[in-house]
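Chains: A, B, C and D, in written order; residue numbering restarts at 1 for each.
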Amino acid sequence: MQITIKLFAFLQDQLGPTVTVELDSPVTVEKIFSAVAKQSLAIKAVLENSRLAVNQEFVSENELEITPTDEIAIIPPVSGG
Amino acid sequence: MQITIKLFAFLQDQLGPTVTVELDSPVTVEKIFSAVAKQSLAIKAVLENSRLAVNQEFVSENELEITPTDEIAIIPPVSGG
Amino acid sequence: MHYIRISDDPINIAPLYRKLVDPRYGGIDIFVGTVRQWTGDIETRKITYSAYQSMAERQLAKIAAPIEAQGGRVVIAHRTGTLNLTDIAVFVGVAAVHRAEAFKWCQQVIDTLKHEVPIWKKEYDTDKVRWGN
Amino acid sequence: MHYIRISDDPINIAPLYRKLVDPRYGGIDIFVGTVRQWTGDIETRKITYSAYQSMAERQLAKIAAPIEAQGGRVVIAHRTGTLNLTDIAVFVGVAAVHRAEAFKWCQQVIDTLKHEVPIWKKEYDTDKVRWGN
């Protein structure tokens, strides 16, 4: 299935506000990160320290049940406050 | 010697802003509290929890070297903040 | 009820303080984070904050909820956009019946915010541009 | 340099906050103590604060000195006179390079103030008048 992923901060500077990737079911966090990693070598280190959010919540499990309306985002290390 | 003592809060409500007492040398904290205690029965409990200040510093020693220009005060339990 | 705002508008202390005032409370603790000039040898000129705004507001509401459930009140404002030296990046205010809770909860909010809330800074330092710390 | 004020004038947050702002600092913690209505079953109507003003200012300066010596900035204001519900009795603000110090020092100031500074409250409660707590 086709998944559009929101990007922020350094990742957004490198790749723009979203990337769309094609993934086999079942979709996993690992597959998402691998697919995004292929887009640019420059983002490797940041991606290793990033987390996945689905519908604005961090996910901890690897296997995901994604529907087309779900909001997927990669959250690089935060630095607010 | 004659000593004038500043009073505050409940003690001031009971006895006014100062009391003057006559004490033998050497002047001690105990003598000051005893002399003030004689002024009113109502202040006994508060006086037992009060501290003495000389020139705006709390004193811990009992024996005092007081000169006529020193500022003596009895500090009841504080409750600012 | 908590108040949470992530916005490009400058943060003003006084109106946020007023949201914390209530005869129920005796202690209010406020943390204000500002743009600092020096971090060791690195000199900062300005900082741009960006946020995943909807998620950030949702995460902040989750941080505020248990404090409000215990009777406190939480007010959080975070800037986005470009900030200069001494500008306020974040305001966290917590009102409580007693001061010990106000301090504890305020610290809890800002500590959790710094780890769990999707907001990012891009620092324009005199030597180069840095993401994060 | 620290700022300390004990006065009958109402306490306003904004001008006191401005005294804490400096590009050296990144974290400001402010504690505000207000007049609370209920303490258990006791309902407070108003509070009158009085002070041994010269000694209170001297004691507050002694509390601020070691914090300022370590690079922080301390701003303290305490009301005297009659305060109604929600009025500000005390403002303690500490600015520091990092937030952990700001929180620690601010708490240290208010804790010490409550034990060592000659200021007293006379509470006008609905049942009777009480000195202190």
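Going forward, a contact is a pair of C-beta atoms (placed from the backbone, for glycine too) under 8 Å apart; a residue touches a chain by one contact, two chains touch by 3 or more.
Model, not experiment: these values are computed from the prediction.
**Student:** Spelling it out: a chain qualifies if it touches chain B and also touches chain C; which chains qualify?
**Tutor:** D
**Student:** How many angstrom between the C-alpha centroids of chain C and chain A?
**Tutor:** That pair's centroid distance is 26 Å.
**Student:** For chain A versus chain D, what separation do you get between their C-alpha means, in angstrom?
**Tutor:** Chain A and chain D have C-alpha centres separated by 48 Å.
**Student:** What is the distance in Å between the mean C-alpha positions of chain A and chain B?
**Tutor:** About 72 Å separates the centre of chain A from that of chain B.
**Student:** Do you know which chain D residues sit against two or more other chains?
**Tutor:** 33, 110
**Student:** For chain B, write out the residues touching at least two other chains, lowest number first.
**Tutor:** none
**Student:** What chain-chain pairs meet the touch criterion?
**Tutor:** Those chain pairs satisfying the definition are A-C, B-D, C-D.
**Student:** Once bound in the complex, which stretches of chain C touch chain A?
**Tutor:** Going through chain C, the ones touching chain A are 33, 49-52, 54-56, 58-59, 78, 89-90, 110, 113-122, 131-133.
**Student:** Touching residues of chain B toward chain D in the complex: what are they?
**Tutor:** Contact set of chain B toward chain D: 6, 8-10, 12-13, 46, 53, 56-58, 73, 75-81.
**Student:** Which positions of chain C touch chain D when the two form their complex?
**Tutor:** Touch list, chain C to chain D: 12-14, 17, 21-38, 85-86, 97, 99, 102-103, 106-107, 110.
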